[in-house]
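The next block holds one structure in the form of structure tokens; read it before the comments.
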Amino acid sequence: MGEQPVPERRDVLAYLRERRNWGRWGKDDQIGAVNLITARKRVAAAALVRSGRSVSLSRDFPKTPGPNNPTPGQHFMKVVPREGGAHAADYFGSYYHGWAFTHLDALCHTWDDGGMWNGRDPAREIGFDGARFGGVEHWREGIVTRGVLLDVPRHRREPYVRQDRPVHGWELDAIAKADGITLEPGDAVVVYSGREAWQAAHPEQAYGPGARPGLHASCLPFLRDHDVAVLVWDMMDLVPNGYDIPWAVHGAIFAYGVALLDNALLEPLARASAEEGRREFMLVIAPLPVVGGTGSPTNPLAIF
Amino acid sequence: MGEQPVPERRDVLAYLRERRNWGRWGKDDQIGAVNLITARKRVAAAALVRSGRSVSLSRDFPKTPGPNNPTPGQHFMKVVPREGGAHAADYFGSYYHGWAFTHLDALCHTWDDGGMWNGRDPAREIGFDGARFGGVEHWREGIVTRGVLLDVPRHRREPYVRQDRPVHGWELDAIAKADGITLEPGDAVVVYSGREAWQAAHPEQAYGPGARPGLHASCLPFLRDHDVAVLVWDMMDLVPNGYDIPWAVHGAIFAYGVALLDNALLEPLARASAEEGRREFMLVIAPLPVVGGTGSPTNPLAIF
Amino acid sequence: MGEQPVPERRDVLAYLRERRNWGRWGKDDQIGAVNLITARKRVAAAALVRSGRSVSLSRDFPKTPGPNNPTPGQHFMKVVPREGGAHAADYFGSYYHGWAFTHLDALCHTWDDGGMWNGRDPAREIGFDGARFGGVEHWREGIVTRGVLLDVPRHRREPYVRQDRPVHGWELDAIAKADGITLEPGDAVVVYSGREAWQAAHPEQAYGPGARPGLHASCLPFLRDHDVAVLVWDMMDLVPNGYDIPWAVHGAIFAYGVALLDNALLEPLARASAEEGRREFMLVIAPLPVVGGTGSPTNPLAIF
Amino acid sequence: MGEQPVPERRDVLAYLRERRNWGRWGKDDQIGAVNLITARKRVAAAALVRSGRSVSLSRDFPKTPGPNNPTPGQHFMKVVPREGGAHAADYFGSYYHGWAFTHLDALCHTWDDGGMWNGRDPAREIGFDGARFGGVEHWREGIVTRGVLLDVPRHRREPYVRQDRPVHGWELDAIAKADGITLEPGDAVVVYSGREAWQAAHPEQAYGPGARPGLHASCLPFLRDHDVAVLVWDMMDLVPNGYDIPWAVHGAIFAYGVALLDNALLEPLARASAEEGRREFMLVIAPLPVVGGTGSPTNPLAIF
């Protein structure tokens, strides 16, 4: 589980094509790897709640435009008077995929030329009113499972993941091992890469479009081998991914049916985890049930 | 705890003015009755998870215009090609207060001529960029507590609450007692009134603006006496409230600091509760952390 | 030009299929009948300006929800302070087709099973980023032509067009003749049907979805015979159209390339026209140049 | 009218304070300098239409995010099937002030510590539902007047206005004189500064926030002396304005009641003007009548 040779392009394609979970839960399945989160798994997750500390993994709803927030969250106010009182109301608008919003990706979110999750054809399934297959509403009962924090900066004794040293799958294994964690099917793996520290050290460069540090395609077999159901991360795919493919780790969506929780805020979680002396917790993700939605802005909670 | 005389206007004003919680958690407090949900309370809530069944309390994101949905949820799609693949993305827009969206009300949402939560002046606190006091971001770590279902139709042996027979506070006490439930500070009370059955029986009338069945102002002392932290409901305030006041049960927001979760979908919960043979469960509400937000669309989860 | 037999379905289909203008201005033309508005025509239109009176033909941007305004115009405010001063700004949002917004329809807006304007296939031309053919940007230089008011209530000596007595093409001819107007290619025909008076007389019924008075399919040959470039109207197609076809007068878009200006406010124009003693004026329509747009909210001006 | 000493701060404050038009058209006037556009003026404007050439002064509705477009125009599509046919519709959303949208500023748009147009108090007049004074709807009948092009690059024999050489009021006078133009009350002055050429020469710098070339505060007396009703410009205020005041030329809104048309696209107009051999034309601006709106995206037309 130490340093390993970086995979070739054919290896990465094999991760995405040969190991995919299509048909594993039926050819019409729209739940994906979240199927691995059984009722028993939820009970076990709840049993991890011991101190009662709850930590949000969400950034603020990002209203400020910027290079990594080209379509900022809209927040508009109204005050509506009413016989001797009033109420304040507001409008939220979000085109939330990208690098600014903490959000969940539904199974319909990505594809390559091999098709969408379970082999569906995006030309048929993606319409003007939403996705007809793999919409986020299929996770409406929430994603409630064990979360396991893999803290890369702590393991590396460096403040953040650098562009020239992406996170490899074997490193995630090494971190889990070092922390005495045994991954189990249906777990949510929470990979902390120190994005805030990176951003503070790179004020001129946005964690957004263009080159950025993150997780290497070698994390794909890690996700598949351990039957990970959910990947929560602050940094995302290493860009460029180096393989001339549209999707590397984000390919876990359509290949394995993994739920990706992008742009999580993990510094508070890393701190809480250190203080609690535990790497595992109950994780709750409750997407808005938008029928045909390609994901949802969410506020994931880690409860210790 | 049987039938009681309906309160006079002065009684209702007294509920809102004399019994309010202003200053109880400090004059600058923006958490309100959610302060009653301690870490210990969260641990106890998690301990209720025994079967692992998770139930969403959210309606679908309501895209269809109608009398009870005058500003429908916006859902627009994009497909963005990318070297041999693509991604689908979407825009969500919501002006979510009202009768259609399942949503949480923040402490800044309502006020009468006595002021906002903790005595703040709305003319100072509500601005074009959001609320400067009592915004929903103060609940960013989530609301995780014991939920207790009070099932009015089941208790009444009628399919839904009727316009001419609102739910009174003493009836909620009676239901709890009949179910052997002892309410505790920090609980979330979930009042099921059979809104879906009512709507099906009244196809010409929207559960929206205008007269509608619901909870009577007499529920205010019920909430206050039991130190309820959260009220989750499918039907809301009885309209007209009969007292010529802007806010009756919704006054619990600014008077007591109670978190209101409006337009919950509770039929599935009632069914699950019956099947599980339990009235209590772990409740998780995770609002989007919009700084200055007056609430948030949410997908509350009940976990048995 | 008196009463005539109402056309059969085959007649109406023939209007749409046999008389269409496809190829008339080239098979790739995206301007349609607006080609008929020549530079000379614009000069002649400007020469009609004699009193200098300018009249807006636009309703207020419709912010109020209602049965005929299911997706109301969004208007949100901001105030942005700035060293000793400030500015106020606002957000406009509109899903403007329908019955509430005064708006222009682009050539890509409607089709039947025979295809879009000039025979294009909507499955190829309509994408997530807009129309690739027939978008409103092709009219970016504005539609500037002679406008001719045909005032149906004045002609009928009735306050408004009734459901049981739609406007027929031969009646439009009769009105023009009675007013001494000779229609010319490239004219904008402005048909006033008394919508405000109708609405005032039918407070319980919205001029929106469902049955509504308006123009009969027999207006199609009127538009085609006179080479009308633009149809401006307050009431629109009679509904039901009586022919079991998706589009009757709205078929002039894809069949003839006519620009339709829906939901105009024509009562002020009718008044001004009477006061000025003239039925013709300079008409200016300046759509927002949204590339790929299916139309545009606009404020058309009639200048006498 | 040659080079003149650059005004001192006290001079600029005097332009804004001592020469303001408050009360000139009544203390409740909400039309401002557009009052100077009389019916006779509109007739004269129409009489300028001789070749019939119409030129849009609008940029494309700006959908692409960027440093000068932090809140890009939203354009979302729908296709709605309908018995054998369909229609395509779309949503436009715009927070249009700034540097990307061609738009009109209403009289309520800017103020300094002396107040809004006509001395009104913004704290009273600007509400959550729009401006109660000086909203764009007061120009609903359109702005139709003589437009006069002042082509700075042509006059300077340089492709664009540079940061270090702003446009002064005396230079505008000199251009008009050189072109044989006598400005008259109610004219729209169209100042072309070569923004496209500047942008092409400065690909790394957005014409947006931060330093940018443009018109100097010395243009204020030019506007006031000539009773200009409308200023149409591609570049806007020189930034920094050098006077430590919130608004320089943009102060003409609240001081003089001038209508500003920001971010016009003037290169095509300059070309047309050269080809037509004329500097004057009929100008038509037709804002969307949004009650309480602070302006409007518009497509201004110049008709020769």
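Chains: A, B, C and D, in written order; residue numbering restarts at 1 for each.
Heads up, the rule we're going with is that a residue touches a chain if its C-beta (ideal position, glycine included) is under 8 Å from a C-beta of that chain, and two chains touch if they have at least 3 such contacts.
Computed from a predicted structure; not experimentally measured.
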Chain pair with more C-beta contacts, B-D versus A-D: A-D
Shared interface numbering between chain D and chain C [over half = same, under half = different]: same
Chain centre separation in whole Å, for chain D relative to chain B (CA means): 48
Centroid spacing, where centroids are CA-atom means, of chain C and chain D in whole angstrom: 29
Whole-Å gap separating chain A and chain D, where each centre is the average of the chain's CA atoms: 46
Where chain C touches two or more other chains, by residue: 74, 77-79, 91, 93, 95, 128-129
Contact graph of the chains (line, ring, star, complete, other): complete
Touch list for chain B against partner chain A, complex: 38-43, 45-47, 49-56, 58-61, 63, 73-75, 77-79, 82-97, 108-113, 122, 126-131, 137, 140-142, 144, 244-247, 282, 284, 286-301, 303
Contact set on chain B toward chain D in their complex: 74, 76-78, 91, 128
Touch list for chain B against partner chain C, complex: 65-66, 70-72, 74, 77-79, 93, 95, 128-129
